[in-house]
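Take a look at the structures listed below.
Here come two complexes built around subunit A, the first alongside subunit B, the second alongside subunit C.
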Partner chain A sequence: MTTDRTALSRRAFLGLTASGLAVAGLGACSLQQAASPDESKDPSASAGWAGQLIDPPMTKPDVTFTTMDGEEFPFVERTAGTFSMLFFGYTNCPDVCPVFLRTISRSIQAIGSGPGSDVQVYFVGVDVARDTPEQLKTYLGRIDPSFIGLTGSEDVIAAANAHLKMPPITIEDDVDGDGVYEVGHGKQAWPFTRDDVAHRMYPSDEVRQQQWVRDLPKLSKGEYR
Partner chain B sequence: MTPTRPLLVALLIVGAALVAGCGSEGPSTTATADGGIRISDATIDWPANPEVGAVRLLVHNDGPRADELVGASSDVATSTMVHRSVTDAQGRARMEMVSGLEIPARSTVTFEPGGLHVMLNGLTRELEVGDRVEVTMIFRDAGPVSATATVVEPGTASLGGDAAEEAAHDH
Partner chain C sequence: MLAVGWWCSSSDRAWSWTPSPYVGAWVILLGVIATAAWWRVRGRHQEPRLDAREAAALEQGSGPYPSGGASRAVAFAFGLVGLWACLDWPLAALGAGYLATAQMTRQVLMVLVVAPLLLYATPAGLAVRLVGWGRRLTVLRLAARPIVAVPVAAASLLAVNAPALVDPLVRTPYGAFLLDGIWIVAGFVLWMPVQCPHPGVRRLVGPAALAYLILQSIVPVLPGFWMTWADFPIYRVYELAPRVVDGFDPVNDQQAAAAILQVGGMVVLWLQISFRFLRWGYAQMDEQRRSGRPGAGGSTDGKPIRGAAAGAS
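== the complex of A and B ==
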């Protein structure tokens, strides 16, 4: 059991100052325009890339997931030589996960055909109690039926998560038994290119459709900087 | 009069113009209470998980006094809570329960993806695009303020989607 279940108390949010909120409210429009990652951190950003360059590149997690049909899915073997996007989330996630997955789906549709439209999206449901193969099928079917849902034991998911150097997944205990509990997960999206590594990492909540439409065809063709 | 004062007034005017620009696109349903609190632009992306939904909206406080959001409810959910998406110190995406959110005087607070949203847990019926759902936000002073949220095709909401981004670029 490697999943971190340290007590995540349901902390009430109390702290923002009036001025901070006013700025947040007023700045909403301009923030949307300035949502791209900080370009000063990564020289490749100035050359028209979103996300971050990963050097040396990230290798694939050598684990066996379970598919939506309940079949074994050895990730390295089954995705070898393909353009594969790997993302971890959970199906009760109301905000970051569906927005990201739908943005990727619309981006692939916008690319239409050719390089970039060939990316296969893999969604790992980390909330194993609820993210059953059946639930993943419903969830992804309503987002993009071409996406492949993966699950597995907590140990398998934690091993893949650790390999990708993402922070440990946290799943709060359902103390009230009402099915409402908090899940924390890394928000990185990993595009594994045909050379079976990820040269870039994309924070899923920071990348806009137009950036994916620009980056996915280049990644598909083996470019990454 | 100190020279800073006209500058402050000018900034407030610019700020108000920005807010007006934000809310100008898309569906707009507005409810007003005596306390000067209004809710507009309430939408719900058609849920990917039929059991949970997230409401985007704007809370406007037109009055001279701050108020406080103390709760929310909806008849389509078994539980309704105000959440904020946060990235914790380790870099995890997480949800934080929000209770007692101050709504400053003469301000607009935006509920959109990546930030605040009203989470509908345990949806009691299947939501379809075009459905209108009653959401009630409860304020310390203004009391309950209801708004009608429209279920929209994902990606078309006026707040915090690509449609919003395009609208922002058009301005």
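== the complex of A and C ==
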């Protein structure tokens, strides 16, 4: 009887140990695999890239924005030969804009130095009434002071938006009691490489930090395939 | 405007503090309340007579917990409130789509607090009425064996924290329901070997129960470690969700969730381990005092001690 019980205990102990090790191993594998971004989420993304290949590449919009200091900013001229990221949004955006701006900011910090860390982010405030130069400065100062805010007349912004083939900007008429209204805008982020074109377009609300950290250095070095 | 859904899932919309109750959560809560009410009003007065087979099955188990009406009522009340907090807005909505911290709070609360409270609050008679003495008891006995409970609970709890499972499942109410169901069931399975209310199930008592719970306390270390030291946010859903608190970014959120799992979960679990250790220690001392023979505590036939010592289980 005692021998049976001892044998049972030994079997139970060995079983428990083996089960524990198996579970730990499976869990570790699962977590390891799962930490990789889900490329299948974006069917347009080709292997090794989170952004969609644009062929022929997209040229820069030839417009003159206004900077946060109120100065004119001819975009093509001022960004020629640099690695720049162009994104359209608005400072009262509750979801896409702050998530994208914080994600790209943390990604640049994670890259640290070298290729990819040299990207200059330009945020175009499309809600002309509220995205004043002062508001842009305050807003971007909270997120990343190295980002440059741009604005302009409705016509200038609409022309740039149309050039990039993004959906038209819509401003809702439904203003609530606090004066809050929503603005519809494209979610695309455009990385213009040093050859002054964008070879890839990124859906800003789907790209993760790990993917930016992988893609930005390659884009900075002129790789896009 | 009050929005009502059947179960919480992730959303691209900015977080709103407008209440949004979930029908599924309320159905579960009302089911638990209705069962308790039925037992209180009618069920407990219908004492079933055991036939010879059932009496033999009872002999194989640890018997019922010692009666503790008031403490059971308190455990039930706290368990019910905890269950409601886990399943309904705002914690469930935050956990499903916005903050890993909220999701981990739900899991720790459900697995380490609500499940043992509800199991403790379940009278043996009710467990017998629900499970019976037949095949369901066989399944329950199997689930209450540590060799089954450890891998099932551990694998389930690791799986529901794996981003490969979390990210796709929380997108829909059905997936989120499945995910929540897995860790709720895992929570009950985890406690079965030491807290099963059915008298026909042999529970672990004394050092065996303590060793079992200590073993279970190791499981949260793995996901907690990963979440703490990962360079990037590991969950897509929380990384790309609109921020609930400005400045509380996904990496901070992930590390806070790991702290809740490792520190909060450990504190809750070790409080219970300490409580059980003290109960067992005092029961041993009482036993020795009664027998008058130092070191003569415990049963000699390998069966768990009934009565006071069983109460520690």
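Going forward, the second predicted complex is superposed on the first by the 173 of 225 C-alpha atoms of A that agree within 3 Å, B and C clash if a C-alpha of one lies under 4 Å from a C-alpha of the other, contacts with A are read in each partner's own complex, and residues count from 1 in each chain.
As a convention for this text, a residue touches a chain if its C-beta (ideal position, glycine included) is under 8 Å from a C-beta of that chain, and two chains touch if they have at least 3 such contacts.
These numbers come from a predicted model, not from an experiment.
Look at A:Ala162: by the touch rule set out above, it reaches neither subunit B nor subunit C.
Of the two partner chains placed around the shared chain by superposition, subunit B is the only one that A:Lys187 touches, whereas subunit C remains out of contact. In the superposition on chain A, no contact is made by A:Leu53 with either subunit B or subunit C. In the superposed model, B is the one of subunit B and subunit C that contacts more residues of subunit A.
Of the two partner chains placed around the shared chain by superposition, neither subunit B nor subunit C is touched by A:Val76. Looking at the shared chain after the overlay, A:Val213 reaches subunit C, while subunit B stays out of its contact range. Contacts of A:Arg102 after superposition: both subunit B and subunit C are touched.
For the contact definition in use here, the residues of subunit A common to its subunit B contact set and its subunit C contact set are 12, 16, 19, 22, 24, 26-28, 30, 33, 35, 94-95, 98-99, 102-103, 106, 142, 205, 208-210. Those residues of subunit A that touch subunit C in the shared complex are 5, 12, 15-16, 19-20, 22-24, 26-28, 30-31, 33-35, 37-38, 41, 94-95, 98-99, 102-103, 106, 110, 142, 205-206, 208-210, 213. Against subunit A, the residues of subunit B that register as touching in their complex are 15, 18-19, 21-22, 45-54, 66, 78-79, 81, 83-85, 87-88, 90-104, 107-110, 112-115, 117, 119-122, 154-155, 159-162, 164-165, 168-169, 171.
Those residues of subunit C that touch subunit A in the complex are listed here as 12-14, 146-147, 150-151, 154-155, 158-159, 161-168, 215, 218-219, 222-223, 226, 230-234, 236, 239-243, 246, 249-251, 302.
If you check the complex, the residues on subunit A that touch subunit B are 10-14, 16, 18-19, 21-22, 24-30, 32-33, 35, 91-96, 98-99, 101-103, 106, 135, 138-140, 142-143, 166-170, 178-180, 182-187, 204-205, 208-210.
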